[in-house]
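See structure below.
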Amino acid sequence: MSLLSTLIFLPLLAGVLILVMPSAWQSRFKYVALGTIVIQIVLSAFMYMNFNADLAGVSDQNKFQLVERLPWISIDLGGLGKLQIDYFLGIDGFSMPLLVLTSIVMLVAVLASWEIKTNLKGYFALFLLLDTAVMGVFSSLDFFLFYIFYELMLLPLYFLIGMWGGVRREYAAIKFFLYTLLGSVFMLLVIIGLYFSVTDPKTGSHTFNMLAMMDPANYTAGSIFSVVSKQMLLGVPARLLGFIVLFVAFAIKVPVVPLHTWLPDAHVEAPTPVSIILAGILLKIGGYGILRICFSIFPDAAVQSSWWLGLIGVVSILYGGLNALAQTDLKRLIAYSSVSHMGFVLLGIASVTPEGISGGMMQMISHGFLSSMLFFLVGVLYSRVHDRQIPNFRGLALLMPKYTAFVMIGFFASLGLPGFSAFIAEAFSLIGAFTSENVNGFLPRWMAVCGSVGILLSAGYLLWTLQRMFFGETRLMGGEEWKLALTDVNPREVIALSVLAFLGVLLGVMPSLAFEKMNSAVLELIRLVNPQ
Amino acid sequence: MIPLSHFMIISAALFCIGLYAVLSKRSAIMILIGIEFMLNAAILNFVAFSRYDKFAAGGQTFALFAIVLAAAAVAVALAIILNVYGYYKTIDPTQIDQLRD
Amino acid sequence: MAEQVVFYIFSALVLLSAFMVVVLKNQVRAIFLFFVTLFSMAGLFVFTLADFVAITQVVVYVGGVLVLMIFTFLLSNRDILNNPDATRVSAAGIHHLPGMVVAGLFFAVLIAVVLQSNPEQIEWIKNADKSTLKPTDNTIHYLGINLMTRYLVPFEVVSLLLMLALIGAAHLARKERKI
Amino acid sequence: MLAAFLPLLTFFISLFVPVKPAGKGAAAIFNIGLSLILSGALFLKVWNQQSFHFRIEWVTIGDFTLYTGILLNNLSVLMMLLVSGIALLVHVYSTKYMQGDPYLHRYWAYLGLFCFAMLGLVIADNLLLMYMAWELVGFSSYLLIGFWFTRHTAVLANKKAFIVNRIGDLGFLIGIMITLTQFHTLDLTELFGSNGLVANAVVKGGMWQSQAGMMPAGWLTAAGIAFFLGAVAKSAQFPLHTWLPDAMEGPTSVSSLIHAATMVAAGVFLLARIYPLFGDDVLLIIAITGAFTAFMAATIALVQNDIKRILAFSTISQLGFMMLAMGTGAQAAGLFHLVTHAFFKCLLFLAAGAVIHEMAHVKDKQGIAFDPQDIRLMGGLRKRMPVTFATMVIASLALTGLPLMSGYLSKDSILINAFEWAEGHSGLAKLIPYSALLTSWLTAFYISRLIFKVFFGELRLEQELLVHVHIHEAPSAMKYVLVVLAVFCFFPAFSLNPFLFEDAWILKGFPVTDSMTRVNLFHTIIPLAVNLIAMLLIFIAWLWYGKQQRKPDFSASGLFRFAEGQWYIDQFYTNVLVSGFVSVSRLVYRFDRVVVDGLVNIFARAAKALSVMAAWTDRNIVDRIVNGAAYLTGQGGRFFGHFQTGRLQHYFVTMLLVVLAFFIYKYYSGTI
């Protein structure tokens, strides 16, 4: 077993272990999970240390690291050629930071899982299965394998929301499930189309290998997605259509504005650890997919539609921000702020400039840490009094000074205060979007200007919340009872929050920790998308 | 010389009368009698054709077997009928309908 | 010519008595008419030059089967015995219809077959000049030889079977019913 | 470098080291003192000598490497000295002023953070770093304004301050984006050095061209305006000035440090840093904004009754002066005024703080509910707090710009420059120097109104509430700070010649515009005009407020109310913009719920309806068919079941019928 496989399947093993452990050991499940995640963090830290930043990756297998390629399914289909699916893993500058992010966010989620009281066996088994799936998504390079992991994520999430969630959990779970499934079903069509269009240059058979899909030379002449033949489908160029379908699938995950409505519901109803995973990791899969798949496989279509992508990004930023301003539920507010923040990712990516894509990636990482932190904070409050309505709280700073300090760190970090990672991320996304007109002319400058208004909005809603909930004289809806229940953060929570806050600051002060690892990959992607 | 076909016609008629008895009578004994008619009709044919097979005498031999076996069968059948009667207190086959669903 | 007449009389006797057997309501009478039928059959056997078979018929059927039947009848139909006068002919009941139809149809088919076939023209009958029985032939002679040579195995099997059947019958007719 | 990071150390010490507040205070003072010494050393080393630039690689994105580091030149060392100096004084002052506050450790931490951010701001060598420090300054200001977070108004004020500043930050960020796109660097020396990229960029054929890039010329103006927007927010210029008066909710020591001396000056500092970027039209906008703000704030200050608010508006007004100076090309004069203003305004605030401190004491001790900042309740404090009185008068004179004072030098330099500049312009620009002149007269009036109301006459608090209160001189730590600051209000600190601002050493440290020659008529007339009329106004104010003589009642006039309502700008923002925004957001949310999510739900409902229909079809048609088939089979079975009568004869009949049928069929088919 090499490192990546270990990273992927370790949680699965632990999950199985939990399943076979007797239920009488319920109280030990969380320590098993915690131990697993800690090992995972050690492994991913090791991976981070040994990552060679000079190898670009993206479309060249030789430039990937920790590559594992084993033939997995190989069936001779007679007239249809040979079905070739590889167990193909590898990391480059895009996936590596997200793997590290995943392991850290998982740690926080496990720490937040202390609040889960019912059916622990099922919970932790599903939790670790989810971990496996996410790790797999970020490291698989075979499209089929990717799809399997991608779908595998849905299952535990559906149950985690549907079984351990809030009042309307079934509605939220089904909404989430259907939304994501809708995207992925169409994705499957495109995958099959790609499969029949692409041949592996070595074996000559059709392949699901993503890297082979990135090279126009591998497309069979006259096939549906062939670069040269310019097939039309439903009156749209087939490649553009394929791009759009894949983009929609990932855009649901990101989420971008018209497709975002699952997010507030899912977040509000999900239990805290699942919210953390949702916001911290799952949204990133959308961005990652756009980079790894949409842009790399359909670079020509990406160039054509970058203007629209940018527009969607800007709309998401502003629309999410305005929506967040109107919320009275703290969790919902943060959920909408996620929409707004993930808009920066899209805007940055759409610019196809080094600054923009790096900024977008940074925003994903940063949002991973910060939104996890925010949801964790909401969870802290919710676990104490089972209420999250902003008007029901006032003057919490007097009762819970440490908690308030963490909330302020979290809020100011996510509103882009310099010194925190979000600032670097948003600034570079915007800079990328702004320079785009000079560099390649994809995005007009006003988009960056409009996008920057989002920063203002985020200050608005976060500060307003801070003012309404934490400052002023203490006045709680639940009266004395709440006052007793609202104890300050305990050591476990302090550890989880400190880790996140520390990482937020670390990346804010030394962004090169992330940038230098992904730089060559970013440049390679840009060369692939926009070869000039 | 009586033509063979006459024997055959008589045998056919007797067979059908026996058949009718088997199909319609309400008494096990009468059914048994019908069966005997049919056997006799068959025996008649045997012996009628046996006239042209002097040396082997197959027809007559089988007629003898048939008669003897019929007697044995009657003995067994009557024993069964007695048992049925002891069990059902009737020998009307229409009332012994445990085979129905 | 007289042979012909006697044959038809016997034939008529057979058919008529058999018919009466099946249509008579009174079973006692029916059984006795059955006796008449069997006797007439023996007569018909004689016309086929099978005298030994005819005698066997009389001995086995009339002497054995018929006695058994009457016994059984007496054992199982005491109520009918109490009222032996119900002599009505009852062939018109609706439940007789299927039997009648089937029997009629069968009869039609058989007659058709008989009429269509031409037994005298069958190859082995046509060429059977030498092996045709003559009224003067000793049938018992042939039968005895055949039974002890050609049909020895069937003969032994039949005898065994006969014994088994009789033992079975005796067992079934025992007093203690264990069915 | 170290000088900047010491206050950060304070921040961490105060937050995380568990010592008594007093110990933390001592540590903070020690740190900032060390900062001051280091700044002084640096100042001596760098001032008017070669500038010092040190940088390291920070991030590399693509082919673009962003460096970070420190740039020390005349401007930054001057600011460093100023910031650390005033910060030290305020620290010392705070030990007494904030004594006994339960959250004192937070206070020191925030103050440390602020000093760090401010020093970082002045020494940053690139725009991005500067922006970071810039926002951090805003953030620490947010923390300090909301220091008493249980006060509703304080919390509202800090939120407002941050958000308004955020608007400016937005401008700054856009400016950075434009600069980066155009020049591919953010380094200040590379950009704005004497032979820098900005200077070499030209506007040709409607395009703004530099060595690295090209943009439509409109973006040059846009960049200037964007940066200026940042400065407007930070320096509380119209229309983003409304946060500053509200910011007075913070502790007075904070107000004096942040909202009078240093942070608000950051806008001016920014303009000075990136001065070469501004084109003529942007400069004109800056000048007009400055002049208008100065005038507006002065009129408002005339009628306010809250002592700190008066000073806040005065600050806004003075910042307007600085902006005006920047806009009229007198960069040096603006900075000069910045420095002098820092001292006298800080002094004014601290003195006012001493007064408020005493009043608040009275409030706490006697348990009387009144506003300790209301000047209508003060009066006659001259005898009870003589040192405070004396220092405040000195500061006021400096503010008014009377001879021998530092303010005289700096203000005159601005005014004279403005008049000279106006010579070369026409139209609206002509009005600017006159409005500045008018403003400086108004300044004289409102500040003397303040002085006379607070220190002369009788203590109206006693008169109105009929109680006797004890008001003492400020504690010694505060007193000495006041005295030190007062020293810096006199001319010798800046120029040996009390009448000729041209001799001021600060002015010589900066590129001087060519009009700095004493040939012009303005140089004699303007100081004279300013001072004579100012004296007259002070006399009137003395008559009205000091002597309590009958004065015309303006309070009913529209203009008075207009000024008292602060020109209703704030109300406009609250009622129109903020609530507008909130209702827009509600609307958008409704849209989101009803339309976007509604659409999804409609889809879901449609799908559900479809599925209901399908279910109906399924149940009533498909299932009916199936059931029908089953029923038919059942019936057929039952029908055929009748044949299974259990009667042997029936079976036999059937069997024979089949045989017969077979025979008949065979017969007719001819095989038999």
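Letters A, B, C and D mark the chains as written, and numbering starts fresh at 1 in each.
Just so we're on the same page, a contact is a pair of C-beta atoms (placed from the backbone, for glycine too) under 8 Å apart; a residue touches a chain by one contact, two chains touch by 3 or more.
The model shown is predicted, which means the values in this text are computed figures rather than measured ones.
Among the other chains, D has the CA centre that is most remote from the centre of chain C. Distance from the chain B centre to the chain D centre is 123 Å, each centre being the mean of its Cα atoms. Chain centres here are Cα means. That of chain C falls 129 Å from that of chain D. The distance from the centre of chain B to the centre of chain C, each centre being the mean of the chain's C-alpha atoms, comes to 6 Å.
If each chain is reduced to the centroid of its CA atoms, chain A and chain B end up 92 Å from each other. Of all residues in chain D, those touching 2 or more other chains are 649, 653, 656, listed in ascending order.
Annotation for chain C: residues touching 2 or more other chains are 98-99, 102, 106.
According to the touch criterion at the top of this document, the contacting chain pairs are A-D, B-C, B-D, C-D. The residues of chain C lying in touch with chain D in their complex are 98-99, 102, 105-106, 109, 112-113. Residues 2-10, 12-25, 27, 29-30, 32-34, 36-37, 40, 43-44, 47-61, 63-65, 67-76, 78-83, 85-87, 91, 94 of chain B touch chain C in their complex. By the touch criterion given at the top, residues 641, 644-649, 651-653, 656 of chain D touch chain B in their complex. Of all the residues in chain C, the ones that touch chain B in their complex are 3-4, 7, 11, 14-15, 18-19, 21-22, 27, 30-31, 34, 37-38, 41, 44-45, 47-50, 52-53, 56-57, 60-61, 64-65, 68-69, 71-73, 75-77, 95-96, 98-100, 102-104, 106-107, 110-111, 114-115, 117, 119-120, 124-125, 128, 131-133, 137, 139, 142-143, 146-147, 150-151, 154-155, 158, 161-162, 165-166, 168-173, 177, 179.
Every residue of chain B that touches chain D in the complex is listed here, in rising order: 19, 22-24, 31, 93-94, 96-101.
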